[in-house]
Amino acid sequence: MAILVNNKTRVIVQGITGTQGSFHTKLMLEYGTKVVAGVTPGKGGQETHGVPVYDTVKEALSEHDANASIIFVPAPFAKDAVLEGINAGLELIVVITEHIPIKDAIQMIEVAKRNNVNIVGPNTPGVITPNECKLGIMPGHIFKRGEIGIISRSGTLTYEIASNLTRAGFGQSTCLGIGGDPVIGINFIDALQMFVNDDETKAVVLIGEIGGDAEEKAAEYIKREFTKPVAAFIAGRTAPPGKRMGHAGAIISGRAGTAESKIKALKRAGVYVVEKPKEISERLKEIL
Amino acid sequence: MKLYEYQAKEIFKKFGISIPRGQIADTPEECKKIAEEIGKPVAIKAQVLVGGRGKAGGIKFAETPEEAAEIASQILGSQIKGIKIEKVLVEEKLEIENELYFGITVDRSARKYVAIVSSRGGVDIEEVAEKYPEEIIKHYVDPLLGFQGFEARDLVKKIGLKGRNLIIAADILNKLWKIVEKYDAELVEINPLIKTKDDKLIAADARLIIDDNALFRHPEFEKTMETEGKEFNERELKARKEGLAYVELDGNIGIIGNGAGLVMATLDMVSLYGGKPANFLDVGGGADPKRMETALEIILSNPRVKVVFINILGGITRCDWMAKGIIEARERIKIQVPLVVRMVGTMEEAGRKILQEAGIDVLDSMEEAAKRAVEIANRIAGDE
Amino acid sequence: MAILVNNKTRVIVQGITGTQGSFHTKLMLEYGTKVVAGVTPGKGGQETHGVPVYDTVKEALSEHDANASIIFVPAPFAKDAVLEGINAGLELIVVITEHIPIKDAIQMIEVAKRNNVNIVGPNTPGVITPNECKLGIMPGHIFKRGEIGIISRSGTLTYEIASNLTRAGFGQSTCLGIGGDPVIGINFIDALQMFVNDDETKAVVLIGEIGGDAEEKAAEYIKREFTKPVAAFIAGRTAPPGKRMGHAGAIISGRAGTAESKIKALKRAGVYVVEKPKEISERLKEIL
Amino acid sequence: MKLYEYQAKEIFKKFGISIPRGQIADTPEECKKIAEEIGKPVAIKAQVLVGGRGKAGGIKFAETPEEAAEIASQILGSQIKGIKIEKVLVEEKLEIENELYFGITVDRSARKYVAIVSSRGGVDIEEVAEKYPEEIIKHYVDPLLGFQGFEARDLVKKIGLKGRNLIIAADILNKLWKIVEKYDAELVEINPLIKTKDDKLIAADARLIIDDNALFRHPEFEKTMETEGKEFNERELKARKEGLAYVELDGNIGIIGNGAGLVMATLDMVSLYGGKPANFLDVGGGADPKRMETALEIILSNPRVKVVFINILGGITRCDWMAKGIIEARERIKIQVPLVVRMVGTMEEAGRKILQEAGIDVLDSMEEAAKRAVEIANRIAGDE
């Protein structure tokens, strides 16, 4: 089953002719993702790795059947691209783009919500359901299909943990990067709710980091109603307050957003919080 | 980007929010002159971007111009949390009846801007939120409609404002929203908003943080970015210029990695094994050799660094490129300190080969590598 | 029956302490309108003609039961007042205020629509259901209860025609000024649809003027499905193109918005279009 | 408020929309100099706010600077629809490949702004809408979200723009929207938007009308309002200053009434009985005596006026006040022409009494009164 993407996901790449867009279109195609069309305004009529390019999403959809898009459009134009995808009737939009202004993020996520469109990101590596669909920029080979759902605010740290899991024999149902920005579409709770209904997923790995209170909110939710086992790693225990640690969202503001607070909340909710990334698989062995 | 109090107040003034009479000074003489012009007791406020200025002695009052000069000479040139004070804001001292809190920021969970008012201003608002949650009044701003006048009135009414001050306070709150909208602010705050004994509402302090990601549409802040630069040291400035996420810490293990989460975790592992990271540095996704070279250059210009731990997990980042960058940096800048490299993922074999041929060991596990880096650092520290 | 207002309409006056607001509160009270509260920010706690004044609509509604408001707030603040009324849950808002920027009108009317709130105006004399409720600034004594519905873009010209009707023995079910601005809430068609369902109304008088195509659109609607007789007068047959005739909406732009076009369209829809205001009652005598 | 072409183009330029090279001139010499600087054939365009300038000979082309001066001397000082031309815009003549139409205005029925593009530019867009409705592409702007980039691209794609020009054209359309938003425009229009032979998109003409009701938030247009004043005569300017709705016509019956609809109907009645109104003047609702006095003063300063017809229907307007204003005006400015007064409604009796005591007859029916006014006007005209 998995969540969000599967072998029925048919993808439009928005910003397909850019360096990143083109490069990852190739990798997604190689992984087996059904990339049916690309969009770059002004480049309609071209092809990128055999994928036809259109000027607008509407036009692409008039020629191809698609239900999702992935966005590689530069930050100043990303909101426009997301709104275009929503307006054209897509169901899922993965926003890879980093550095989108927070005001734009707030607006595009609000419009998505009003139109029942799922937004992943911004500033996310994307989402992958191994062997079915890779809608993102993660290295596909480190994932293996299985029973663990992963939800993460981070990119590379997710690969670290996912490859650990894979090596330890734990495959993944779906691995979802929710994005490193302060304001994102699908958050921990939304993703947990999806995994609840996914019978394939037996346990969930939650990878958090400093900043905000998404982990604390997730902990409340888990405590209240999430029934599957959850293991977690929180990055940034040694981060100083007031400094952005790479991600726009990774900042301790005053006394809020510390790793301690998150770890405490998660532990209180019965989540298995580990100190080292590699311990996740060890812990899962004990649980499952 | 954080603005200094005096810069934020200039913007407040432009939007019609009352601020105390005053001016910025960078010498005791100027400070004296300003105090003379004001002609009444003044407050002298260190201009720094770090929090907790008041507790650190950065705000003092003077009854006379002479006293003002005296205090300025103490504050100017002194340091707050390691930052040298170069400017003070000299302002009329206000006759306080009570202190309010007005602010607008982003609520991540709600995915909306949130306007916050409280009748308990002048203190840490987070503390108020913990101790007196009922005295924090919040309103989430509709992302499409924006913040309306009536919503501001509903809010300020809840903290007991009446009559003319109800209208003025609501107007101030609406103006804060206009500042958020116009400048892509991620935080705008008046703490305290002072109600004076003669019943005026004056913004005694001002905080304004602009969303870095939106600076491309605000060329008006180019100059402000320069003044902000004063809060950074040379290495931090260089990293900003190069677009590298770099945060300096006080340890001796230089750290480079790809991906914010991975680098944070790397710092955590180093600490876990008893080491002290000298910095956070994320080369980002898909970095080229040049980028690694620059990263090493920045890290190694920090004299505290005794060992460098490079943690690369190749996804879109290529291990061979990173290896190349390391080698090139080593040749160009003559690296004197030991390198601990952990490298797995895309083009791992090629990367390993490059490094091993240059005599650099490569490890598989970040935990192992962290442990090794700490051991080396401790050994060197012990030797010194 | 009548439309929009009746003896169950309970009114808040927004901007009650201003000259106009206070004056017309008195007149509305004298007419018998149930004015239950007034709002002027900063003047909460006062009274105007015995009506208690509050700082906010929300506060007024916490003390009084009301379902409608009338707005006398100056143009720069009118949109805010309308949004406040919508937000507080009123069902009907009559906007007397003139000179509201068109951008504000567009936004407040859109928000009203999304919240199923009826907006009358802006730049309207209001609405009156004789003997029950006068929610406006029209002179109450010229109206008499009866079977004619009136819909008008004008103020004084409506009084002219209404008093003619009254003198000729034709009472009115409801008389509605839709407003003289280009962008208004309830328009001719909306009002006609309300009169269709009002059994009391036997015929409708439509008073139009140059500018826009609301009369042409109304004509299409009447032709298509409106079953009661309609008599009409269109002001501005001698107006030159390109000049605003008092009302912001009364302007012939290029070749659009002429009285001829409107008269032609209405006649084609079977509407009895008269040349002189006083002929309306003569025509109604023939029809009814 | 209508802006002149050159004023609108200044704003276009500020927003990054390409306009032809050129400058404004008010003498033939200047015109020559500008043409020399441009160094190629130029267009010389009369700056007037009335429509149909092209057909009225207000746009001409010159091959040489001398010819440009020659043409300017013909245009400057001449009249278009009664308006004297004081300025010409001298611009490079463009090499036209084709002409498009881009505009944003208000759609009353939809209660929204509407963006309109057409591949048939350079002609009357209403004519295009009638003859080739399929070549008018419309998009209603979401009142809360505004006009988005992708919507502009969808639109310009429908009129066949491709490649780089698709992006540039969409960008121009988005900029028109930004102008609407920023300046409260009720119309912004480029007709034609020219595609040159070297494939550039240039706004050859520019129309911009600002919502008069929103001018309070646009102090930047104060100066523009002065230049706009040149299109008005003295009486129109005075009426604007006094806040009276006044439109001058070419007849001899001065008209004053209260309420726009009533005054329009009054004009119609006068025409119906064979008379010619000299003006439209609405004193508005709740006018005081002074206002009526000012209204009469303005009307009577028009030498064409032979009789004045005052039509008052008292609602919030008091008949006695209007009567008082009439008497005061008569005493102060020595009214020489006959007055026909129709007056009913609030305080009717008191008003009648005041006027009758002053020897002025008052009628009941506007139709009767209109008839009477026309009879008097015709008699006087016959006498003259």
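Per-chain numbering from 1; labels A, B, C and D assigned in written order.
Here, contacts are C-beta pairs under 8 Å (C-beta built on N, C-alpha and C of every residue); 3 or more make two chains touch, one makes a residue touch a chain.
As the structure is a prediction and not an experimental result, all values here were calculated from the model.
The distance from the centre of subunit A to the centre of subunit B, each centre being the mean of the chain's C-alpha atoms, comes to 27 Å. Subunit B and subunit D have CA centres that are 53 Å apart. As a whole-number value, the distance joining the C-alpha centres of subunit B and subunit C reads 55 Å. Each of the following residues of subunit B touches two or more other chains: 144-145.
Residue positions of subunit A with contacts to 2 or more other chains are 107, 111. If each chain is drawn as a node and touching chains are joined, the picture fits none of the line, ring, star or complete shapes.
Pairwise, the chains that make contact are A-B, A-D, B-C, B-D, C-D. Interface residues of subunit A, counted against subunit D in their complex, comprise 41-45, 55-59, 77, 80-81, 83-84, 87, 107, 111. The touching residues of subunit B, counted against subunit A in their complex, run 50-51, 106, 108-109, 111-113, 124, 126, 143-144, 181, 184, 186, 211-214, 216-217, 245, 247, 249, 257-265, 267-272, 277, 280, 282, 285-286, 313-317, 344-346, 365-367. By the touch criterion stated above, subunit B contacts subunit D in their complex at residues 144-145. Residue ranges of subunit A in contact with subunit B, taken from their complex: 20, 23-24, 75-76, 99-107, 109-111, 125, 137-139, 142, 152-160, 163, 180, 182-184, 187, 207, 209-210, 212-214, 217, 233, 235-240, 242-250, 254-256, 259, 275-278.
Subunit D meets subunit A in the complex at residues 145, 148-151, 153-154, 157, 162-164, 166-167, 170.
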